[in-house]
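Listed below are the structures to be examined.
Same chain, two partners: chain A is paired with chain B first, then with chain C.
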Partner chain A sequence: MKVRNLVIPGILFASMLFGQKASDIMWRVHHRPKWKDMHAFMTLEIISPSGQRRIRKMESWSKTNPKTDETKMLILFLEPADIKGTKFLLHEHKNREDDMWIYIPAIRKAKRIAASGKAGPFMGSDFSNYDIGGGEYEDWNYKLVREEDYNDNPCWVIEATAKNKKVVKKSGYSKMVKWVRKDNFMVVRTDCYDRSGELFKRIETNKMEKIEGIWFETEMTATKLHTKRKSVMKFEKIEVNIGIPDRMFSLSALR
Partner chain B sequence: MNLLAFLLIANFPLGGYLRFEGYGRIDTIETYEKLATSMQLKVSFQSGNVEGYGAFDFGYDRIKDTLTMEPIEGYFSIEKGMFDLTAGKKIVSIGTADWLNPTDVITPRDYTTLHSDMEEFKKGVEEVNLDVNFSNFIFSVYLFPAFTPNKYPMPAFRVETPGVVIEFDPTRAVKPGKDAKYTQYGLRLHGFLTNFEFSATYLSIYDRDPDFESKVLAPPPPLGVAIYPVYNLIKMYGADFSTTLSGWEIHGEGAYFDTKDRDGEDPLVKNSYFYAVAGGNRTFLDEKIKFGIQGGVKYIKNFRDSTDFGDPISGMLLKFAEKFNFQTHEKIYYGTLTLGYNSPSGNWSADQTIIYDYTDDDYFTIPKIIYSPADAVNIVMGLFLSGGKGSSPFSEMGKHLGKLAFVEIKYSF
Partner chain C sequence: MKKLGKFVSNHPWWTLLGLLVITLFLGYFMKNIRVETRMEAGLPSHYPEVQAYNRMKELFPSRDVVFIGIESDSIYSLRTLQKIWDLSDTLESLKGVKKVLSFATASKIKGTEEGFEVIPLMEDRPSTPEDCRRVAQLVDHDVMYEGMLIGKSGHSTAILVILKDSLSQDEVLAIYKRIQKIVKPYEGPEKFYISGKPVVEAMIAEHVTGDIRKLFPISILVAMVVLFFSFRSLRGVFLPVLTVLLASTWVMGLQGLLGIPLSLETSLLPMLLVAIGTAYGIHLIHQFNEEILAGYDRKEAVYNVFIKRGNAVIIAGLTTVAGFISLVTSQIKTIRTFGLMNGIGVFIVLFISIFMVPAFLAILKKPKVKPTQSPESEILKRLGRFTTKRDKLIIAISIILMFVGAIGIPKIKSESNEIKNFPKDSPIRIADEWINREFVGTTPLNIIFEAKGKGAFKNPKNLRIVDEFEQYVKKLPYVGGAMSLTDMIKRLNQGLFADKPEYYKIPDSRELVSQEIFLYSMSGDPSDFDALVNPDYNVLNMTIFIKTSDTGELKKIVAAIDKYKEEKLKGTGIKATVTGLSRLFILMDALVVKGQIASVISAFILVLIITAIVLRSFKAGILSIIPLFVVVILNFGIMGFAGISLTHATAIVASIAIGIGIDYAVHYINRYRIFYPETRDTSVAIERSTATVGKAIIYNALSVTLGFLVLTLSVFIGIKRLGLLVAITMILSAIGALVILPAVVNILKPGFGGESHEG
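So, the complex of A and B:
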């Protein structure tokens, strides 16, 4: 009887401790130092189960407001030729829905996109807009599942469960399991569970670089586990802290 | 050395597309309406704070036996601090609505050639545009030194009724002159405030759509009347907005057009009118399903029916003008419905938008399936349908074009 009285609070305490530790780890992941701004070229390769490859090339600019920690991002599509000149502008907000526009050269207009599209695929790839934009730390409950090596790197394995249905709807995920490297707080693998709780997608970091003292994923792969379709995103010619003007992210950039 | 070789050697960023289009009627008459091969060449550059862009169309239509060589756009932009100056021929698109755009009246359209994409009817307009950029606002001044009308298939005709002979001759169109005094202009304020994007536009331009004038050729009997197109100065006071709400993109666009015939006394000239459209778009199932819906209204100020005119000839002239100016009733209600589907593989999609004129019971729609077998290659198959019971331009288009099926193969480079 005495043992049971000790075990239950002990389990509760341990789970609180591990929950707290997981939250602390994920806080570090979400609040890693950021550059003031970044310019890069991106290649997105979509590989069908039959091996057919489709390549999209993009140029991107992003800038983070150090006071609000909100990021603005502009992506210009370079290839394939039928979507060349298309631009995607994102104004991230902490306390309300993000503002998103897409400029379509064929109609010479920028159109607003509702945030419901965040769970949708990024440029027809296996990454979602949510994967690209990143989620909010506050939207998830965290639990440390175990500690293990992943690709010879010691990692924490953390389960992130959506706090409510709104988060599930926004992200497209009910749960994510993340492998976080202990040495640099980089997420090297994410297993994504769909709205019904079924594992359906895996995102892996293939390469990362330390640029001006900050780690960054330079190559990632997203694999749909049922269909075996996958997408590889690569960043090249990365420039950081180059003083990108605010105007780059204004309405005048969308033309 | 030809231009293409020069551009390639000069390492210009050259792009464009090669396309084959086939259109055929599928109603009572089974004929080919268009068998065209076309190529568009696009050139763009950026040198310091100067940018340039040009697009040139080349094409041949076997059915009409017509060769097309046409600059669609060609302009330069210079950025200096908060100022952007653009000069050249450019497609200027404003407004937030889909398909029905009350304020999008700057750029002329050519409706004499079939296209499956509404945007391809647009042709560039010569303009000088100065944008003054503030943090969340852009103030724009436009000057349009030349006038280009919308092009419609307007065949000449002659109607004989007892005592009256009416001749319509589109080749005698009266257009604004080339003097500087005919320069058109516009002002626009475009802004963005916490999730709400808006613009207000004022235009003083010559109407791209024709009004008409009549001239008595011979005294009765019979009375001979000649009708010909004339392009009058109009003023447009327009505004639009877009925002997002609970997963929906919401937009609206409206304008008041101050025409030459505010009192509605001339049956051949458009009355002043108000035209507005509002609606929203959203996606479902991770963007696989696209849904859009809009409603619109056009209110014709001082509207008069053909019977409201005292004489039968004015009534006939009004009926004639209605076929071109959409002013068939005092209030005309429109609706648009868009449904789209993107396949999970990303290789094909289906898209349908229908525009319905509730007042005239007329419609226009281009349902299509787009298959992409490889990067930059698109095969489009669809129908081009218009018609109805009323006398709006949609039903006129249906009578003129019939019901069409089409296929397009396009490679972009």
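So, the complex of A and C:
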């Protein structure tokens, strides 16, 4: 009896004392193991409040250098028809700005593009570039606010507060609240607070799969809470560790 | 009347308790009152112009922009740029703000042989002269910034604060106040000017409540002074004042209960009720005093008040109600609501006067009333004699005055831009005028282009049609600039081809257009397109910046656009609709004019019917409205000659003038019909009528005039003029009843006698 009475206050006390714990959880979220490479078909669907849908279909290849942990990615656009054949190439860098190119089939030329603001929307959707990039672990102060079940899965609820103004400007968020599954360290829900501190967006993981021992989100939804506009991103026909050659990601392969 | 009289004289306490209960009930709902001064709220939603505007607001994101103009001797100096950065940074994290557009947040398309970039003008807070030079170089000669972020003089720039959609007016006002507070410490040597539609509307909302707070006590004070001179007794002052206080509470409570927001017009209600409503109490107390003087006790006196004065008071009230109700014919919601609420308000004053004043008189100690001297004054007698002797001259002068007035009528200008409601030296007006001078303008016109099929406006053929349209519009007089998707596409194309000037054009293939837009969405902010085109690319929004708020010029621009539309868009499959704030101003103008004509006619008809019924003679009805014709025409003549424009405020004047002015004529004719059968001599009857009723009419007119003059202390030019015009028309109506009416009667010699309802 006595022991049980102590459990809940004990947890609360521990979570207050060990703010460290939240940081540890988030460190594990950000440093999950990666595949060597991946090939998949992606669908990005933007649904307006009135129910109108716009669909973008893409094919993607990506590969991570195990030594530097830098990822290269190629996206080929399949739909809508008028941008079919457009390609996007990304070379991620740890210590400098990423390199990005876009191949424009209408003029048969590749153009280097500069990174747009990370807070900006990803391909006009409700996901931001920051959401897609997964964010940076070092940008935030973490606090474990409570533990609760989310869709029947025990989760930690962690509040991530921007370390400084620069982070707020870069990410477009002053604060995020994340639901992290205890069993696999996957984020299943993120509530995003805008620069004025107002809750405005929710990102949910609808589906996840364990492929070759690694968990991966295969369907996510981002909803703007005021306008009810939402975007759904799906991954299909995922193949991993198939030995994609490096030349797939070279600038000359773009043309 | 007899039943009423019996009830009130027998149960004064119950009557007062009943009134108290209603007052508490309605007073409670005063807390629900909110202010609404957005122009769209006043316009009828079934008009195609309004529907087009609402559709545009649905399709394209918020156009509610707070415009902060910055005047600096050097806009690219480190000091100024740092201020812009800091301000933009602070403003962006303000609640209710969607986006901030300034040098600190804007980016520029830059194309080279190998690259395409959308680069921010400022990467970070500028700290070196190089940072400043960079901004200046990037901004230089970019069409995207001219008129938007760079003013004409080259010494001005702007921060555009784009507000979130669907904010309430209170929220907008709060944001504006925050912005003012935030900007304040940055003043000097830079000068800051804040304006924009939401600011103007928020300022009106604030001054509307401020006006009530300031003007209501003053009008009560004025009424008390007038009442004191009229009665020289405490009850004579407090009973009528209590009546209008209660009535104001009821009306405001009713507005809160019914959820009718306070507008510029309805905010006048309490002041108007004071100006109009005390008169009813005055009549009743006078009669009571006469009865006491005649030796009746309190109860009998109260009963007699009902029998002898009840009808006359009710008639005077009902004609006033009719005058206000005539405004219901207006198409403008705020005017209609004003008319209705005022009609109800006057009815309530009437109701409370009839119950409360006698009830109090029945309870209060019997007053000591000194007999007044004979009400026939020598001067008025002479006036009466003059009107009979010089009747033809008076008529001739009246006719000449009407002609002169009529000449002034076509000179009346109508005006719907709310900014003109603020005094020329008010900060908001100065800011608005400076911004309109330096930048493209705060009241845009929009053309919505629609074509069939998704992606229609990625088709170069359609884009070129829109582009040619835009080039045509830009050349029209008073057009400061125009902006549409085509400008963006041309700039993108140029960027893709290494910024070579010859590529500043619409590309030839639809694929290229799409891929350019896609390119931009990958490297810039795709929401930059939100205001230009819908997500399906089949509705396109062109914004035209207008440098004038003159409705006549606006109409010419719209007509030119319509003509071009007819000629050039035929057979192209593209449909164009002209809308935007400026278009609403034109509609508002047309509706004010139309509503003015309708309400004047219906006011005359309503008042004629009421007076004809009351006086039991159509002839007498016609006679009573003759002086009003002269007054109303003179009112419009004065507006024309004095350059007082017709607005939704001044459009109310004629109806008020008719509704109240008629009372004087009715009083006069009533009195004449008592004296005429006695003397059977028109001139003698006129002389005696003028001498007896003249004083009452002049006092009454003066008290209403003073009541309305209080409105000239308002912040708003429209309200000041409304007050002044009503004051003038009241004096004219009194003159009409005491000078023109007798002259007409003397010439026509109408042989009516018969029943009178007075005394």
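To be clear about the criterion, the second predicted complex is superposed on the first by the 235 of 255 C-alpha atoms of A that agree within 3 Å, B and C clash if a C-alpha of one lies under 4 Å from a C-alpha of the other, contacts with A are read in each partner's own complex, and residues count from 1 in each chain.
Heads up, the rule we're going with is that a contact is a pair of C-beta atoms (placed from the backbone, for glycine too) under 8 Å apart; a residue touches a chain by one contact, two chains touch by 3 or more.
This one's a predicted model, so the numbers in the text were calculated from it and none came from an experiment.
Three-chain overlay on chain A, with chain B and chain C in a clash. Contacts of A:S48 after superposition: both chain B and chain C are touched. Within the superposed three-chain model, A:D82 lies in touch with chain B and with chain C [touch as defined at top]. Of the two partner chains placed by the overlay, only chain C lies in contact with A:S196; chain B stays clear of it. With both structures placed on the common chain, the touch criterion links A:L251 to chain B but leaves chain C unconnected. In the superposition on chain A, A:I102 makes contact with chain C only, while chain B stays out of contact range. Of the two partner chains placed by superposition, chain B and chain C are both touched by A:K111.
In the superposed model, A:S128 makes contact with chain B only, not with chain C. Comparing the two complexes, residues 46, 48, 54, 80, 82, 106-107, 111-117, 120-121, 124 of chain A contact chain B in one case and chain C in the other. Chain A makes touch with chain C in their complex at residues 46, 48, 52, 54, 77, 80, 82-83, 86, 88, 100, 102, 104-107, 111-117, 120-121, 123-124, 165, 168-169, 174, 195-198, 226. By the touch criterion stated above, chain A contacts chain B in their complex at residues 46, 48, 54-55, 79-82, 84, 96-97, 99, 106-109, 111-117, 119-121, 124, 128, 172, 227, 229, 246-247, 250-252.
Those residues of chain B lying in contact with chain A across their complex are 15, 17, 84, 91-96, 117, 119, 131, 133, 135-136, 138, 190-192, 194-195, 197, 242-245, 247-249, 251, 281-283, 286-287, 342, 344-346, 374-376, 378, 410, 412-413. Against chain A, the residues of chain C that register as touching in their complex are 89, 92-97, 114-120, 164, 455, 458, 496, 507, 509-516, 518-519, 521-527, 535-536.
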